[in-house]
Amino acid sequence: MTTSSKVIKAGILGASGYTGAEAMRLLLRHPGVELTLLTADRKAGQPVEEVYPHLGGYGLPDMISVADANWEDVDVVFCGLPHGTTQEIIASLPAKVKVIDLSADFRLRDADTYAEWYGHEHRAMDLQKEAVYGLTELNREDVTSARLVACPGCYPTAVLLALLPLVAHGLIDPDDIVIDAKSGITGAGRGLKQNTLFSEAGEGLSPYSVAKHRHAPEIEQEIAKSANVPANDIRVNFVPHLIPMSRGELVTCHLKLANGKTVDDLRDAFNGQYENEPFVRLLKPGALPQTQMVRGSNLCVLNALEDRIPGRATVIAAIDNLVKGSSGQAVQNMNLMFGFEETLGLEQAPLFP
Amino acid sequence: MTTSSKVIKAGILGASGYTGAEAMRLLLRHPGVELTLLTADRKAGQPVEEVYPHLGGYGLPDMISVADANWEDVDVVFCGLPHGTTQEIIASLPAKVKVIDLSADFRLRDADTYAEWYGHEHRAMDLQKEAVYGLTELNREDVTSARLVACPGCYPTAVLLALLPLVAHGLIDPDDIVIDAKSGITGAGRGLKQNTLFSEAGEGLSPYSVAKHRHAPEIEQEIAKSANVPANDIRVNFVPHLIPMSRGELVTCHLKLANGKTVDDLRDAFNGQYENEPFVRLLKPGALPQTQMVRGSNLCVLNALEDRIPGRATVIAAIDNLVKGSSGQAVQNMNLMFGFEETLGLEQAPLFP
Amino acid sequence: MTTSSKVIKAGILGASGYTGAEAMRLLLRHPGVELTLLTADRKAGQPVEEVYPHLGGYGLPDMISVADANWEDVDVVFCGLPHGTTQEIIASLPAKVKVIDLSADFRLRDADTYAEWYGHEHRAMDLQKEAVYGLTELNREDVTSARLVACPGCYPTAVLLALLPLVAHGLIDPDDIVIDAKSGITGAGRGLKQNTLFSEAGEGLSPYSVAKHRHAPEIEQEIAKSANVPANDIRVNFVPHLIPMSRGELVTCHLKLANGKTVDDLRDAFNGQYENEPFVRLLKPGALPQTQMVRGSNLCVLNALEDRIPGRATVIAAIDNLVKGSSGQAVQNMNLMFGFEETLGLEQAPLFP
Amino acid sequence: MTTSSKVIKAGILGASGYTGAEAMRLLLRHPGVELTLLTADRKAGQPVEEVYPHLGGYGLPDMISVADANWEDVDVVFCGLPHGTTQEIIASLPAKVKVIDLSADFRLRDADTYAEWYGHEHRAMDLQKEAVYGLTELNREDVTSARLVACPGCYPTAVLLALLPLVAHGLIDPDDIVIDAKSGITGAGRGLKQNTLFSEAGEGLSPYSVAKHRHAPEIEQEIAKSANVPANDIRVNFVPHLIPMSRGELVTCHLKLANGKTVDDLRDAFNGQYENEPFVRLLKPGALPQTQMVRGSNLCVLNALEDRIPGRATVIAAIDNLVKGSSGQAVQNMNLMFGFEETLGLEQAPLFP
């Protein structure tokens, strides 16, 4: 936990959402960062403690409107704005401001795919070309030198950490991937929706967006890239479920092994890829990932497990959707972009129970 | 609220477990049943209200040891005993007592499969031959005339209601069935286990028994029977998860359609099978089953849904594991065995929120 | 399952709220009631299953606007409308329609108190004079002959069942009543509010409306009446808390005993008041009420307990806020008003676990 | 967040319990501490990751039996052992080892009171005389020079931080204190008990230990000391409740103001006492403490609020029972005892949502 003499100035756009709150939580204790800008248009003028009572008392600046932001005062912005609005705001920023985007706006490289899944033409394709996909462990070099990083969606983070090393080494059949995904309810954001009320979501379990979730094309894009095939060649089955817990995400990947490959081969690939990674933890053989192992931390825990059907395997990964699945990975990327230790500000052990 | 002049006497063996409590809850309001016997060896001598405070005040008999039971006083017993112990007790009952078994002891027809999954030889194979598999909707005739009914496991109930009509009509490939299953924590019973403590299971999500769950061979047995192939020919992928809720079970079946078949064909098969069933509800096209739709009721809600991969489909079913997945289906079977209306005592609408 | 040849026609105004849904759940199985009218202005035109998926499949009428209601078609209406709007609608109903109001509009008998707590003049004081306070067990005779019943708030139901027999017999000091109240989140309704989102209310505990809750004057009014003193003479300390559960309400009353009185005297008073009541259950000495004992049922469980401070006692009562605290008590009142058995349609045992 | 060159060696006795786990979580990131000893008799020989999977991967030592501990290897021990066993083990330690006790063994100064509440004579009254009551903010000087610190119980921590400044300044009547306390389920520990199973405690609310909780005499002892009266002169009403959440504790204190005193006076006293305290946060006037404001942090948030009854007030305090209520306060005390910054290792902001 080094104390660096260098201190950069950071802003959070859309600080009233959950990813914004989580970025605040992490950055207010980051020894290399000073939080100088918090925007939230509908909360403009309010102190942080009215928007997030648990973050009162830390001397953070009040929320202001994005229109009132003084960009001279920031070296980096974290964008937690709604999809679509992000593009124009980011396009308007001074070039010296680095951008870490938590929205989906710069994740999809193909303009048509973007338009198909988000319902409108992309408004900043030039920036899109420049954007680096911020799955840190698998894209570290590009992230380090990027000006604009598009952080992966929460599901893609867990899924791709679990699958890309297997695809890259030809260990699984990329045409037979079934992803059964489960997320805590913060994944749906802080907006007011009936299905995320406590009385609706509590004591219950709901699939949602079956065959229609926007994270599917993102996953396919990266798998195709790793398999070195055209993006349209990959189609995964992706079914998400809403789980009655606030945080946490677990993806259960039902896979077909490539000819002659075994679960040990999968574990070897994970080990080769991740053994020196501070935030990815391969469990012992047979041990099962749980969201309880990662709550509040930037960790991903994963494992490959025997299926009783010969030639198949189950790969499971768990993350905290608000940390490694969002703001934590964003801070990890920031650390690379500004020359900090990659783990700085992210050392917290998981909170259990 | 009685409509029937006939009243039978019922006993519950293992009344201190959750399936026992649920059988009590349902039977104490059943107009054709008098509860005359409750056994719970470790709670023998205790009034019901000490074992289950919510069932105090209904005039139920005290718990006694199974050794002290007066079998003359019962027409039917519900057995909620641990696996293994059930066989010998049931074998010792007078022939005039009908038996509805909630344990796994008589579900598997093959002696070797039983021994493999339960770790010991079956001790009552004669009775096993006589036992009828109590998945009511798909085995109604046999149940009606049975003396011994083996109620399906909770997962098999949901899975088989969802898959058997599809297998029977050749609509899906029985060799490519992935079942991602999710259960509330009552599914693990009332025994004291660390992983079912509130502080361990709450705010978390855990897969368990991956490739090792005893409900897998039960599912395979019934699918094979429906597909008219040897039991060993069918192997399903079955991965269960523990969900932080008390009740409810949802199975997400990732399926390959048979050549040329569509989701509409699946829905037609469901409609044909279930349109007059009081306890199975096919949702409208595209609507997603949730456990919230069935809590406390004997209902199964299900639907077949488009996958974005051509030639594949997702079938989802939800039940309350303690009702349709256990004691409710047991009462439904009892109604058939004793000539009551099949829905008697099971009319309660789901409890939501 | 009908035992009664008489069938009355019932309507629910504001059927899209939780009290409306609970009234539907209970009434659709009531053998003496046909549900002929469901209004929900913002959901007008929608089938029930879109508004409440768990109530699909029961053949209920579609939601309509209250303006489109045909009052000829109803013998009784349950009003679950927002406070304030109720008064004018009820005033406009034909005299032959009986009214069971679930809102707060007719609970307070004093016009000034109403105006003070609800922020506007009462708009139907004539009706107010006619309204009967529907705390069934303590007001049975008046309810039976009423045309308009104002059902108590959920907290007042639990508090008054616990305190009125004690006040009436002079067993406690009415000037030293501290009520620490706890409610599940359905108590806040189905409206979209940030503090009732799962991610905000889950894994947390929040006091609210300290010294400002509208149920306080309602409690005081009834205690004063029972103590035979002017309403303004009674002031209770009332602090409610939001608990991370959907249903259930528990009130912990910290009391000062009247001179020489004991906890046994309190229990005797409860016993004298409630021993033949089907829905109020006095626990054994020392046993502690829990919301788990009443979930989904119309029961109130209560007890009086020793305090370690001489001369003081603790009285605790638990109800399901949506049943005895709202729609269940409403049905209980309806049964009296129409000559049904008081328990008809309310026989369900609590759902636990 | 200073990095100190000094590193002390710490051990945790009873590391398999929740307070032990929480001490591990905090200490493994503490820059001045090396964890060299973890004992857990029934888990002896197991690596940490089998006992607490979320703490795997941090290089912690395996669990050993307390009998096998090498006391030369520790400068300080945190004792999370069951009540009673602690006394003998602590008495046997070398004098150079400092002790921070998380059990109740050294909290009560009066031998008779201890015997009355814990059912046996105290076995180390000499040590008891030496022990310092570790409510850090109100006993800082003594803690700094102590060898043996008895950390307060979780409830007393919250209650005493809320009440002692008021008692000390004569602002409230110490003879009329009603404490309605609420705790998350980790407060009951990791032992296997039926009432802490998810299915029993979830979706429910249970009072417990009414008039019998062992934290009552501890609270009374400290209030009496602050009021400068004999311990037996103070009796508080203390009623705890189990809340369906894992962490968090909130105490609602219903108080009588001393003559002429106001809520503003209470707030002034809090402000005077705590304005420079890093871990106690007085909210703005009218704002209500919630457990959500402190989860995972060492904070206590509190406020004094108007009651509608003249001459009374409500004081509410919230803590995380495992942090400020236990292991966090223990680390805070350790920091004082070893000359570290008081906040070292405890800087984490609350985790919300």
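Letters A, B, C and D name the chains as they come in the text, with residue numbers starting at 1 for each one.
As a working rule, a contact is a pair of C-beta atoms (placed from the backbone, for glycine too) under 8 Å apart; a residue touches a chain by one contact, two chains touch by 3 or more.
Keep in mind that what you see is a predicted model, and the values were worked out from it rather than measured.
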item	value
Shared chain contacts [subunit A and subunit B, defined touch]	C, D
More contacts between chains, A-D or A-C	A-D
Far-end chain from subunit A, centres as C-alpha averages	C
Gap in Å, rounded to a whole number, between the CA centres of subunit D and subunit C	39
Inter-centroid spacing, subunit C versus subunit A (mean Cα positions, whole Å)	45
Subunit A and subunit D: spacing of chain centres that average the CA atoms, whole Å	36
Residue list for subunit B, restricted to those that touch at least two other chains	18, 184, 186, 199-200, 202-203, 244-247, 290, 292, 295, 353
In the complex, subunit C residues that touch subunit A	18, 184-186, 190, 192-194, 196-203, 244-246
Contacting residues of subunit C [partner subunit B, same complex]	1, 3, 18, 21, 25, 28-29, 31, 49, 52-58, 186, 202-203, 246-247, 281, 283-284, 287, 290, 292-296, 344, 347-353
Subunit B residues touching subunit A - in the complex, by the definition given at the top	178, 180, 182, 184, 199-200, 202-208, 210-212, 216, 235-237, 239, 241, 243-248, 250, 252, 254, 288-292, 295, 305-309, 312, 314, 316, 318, 353
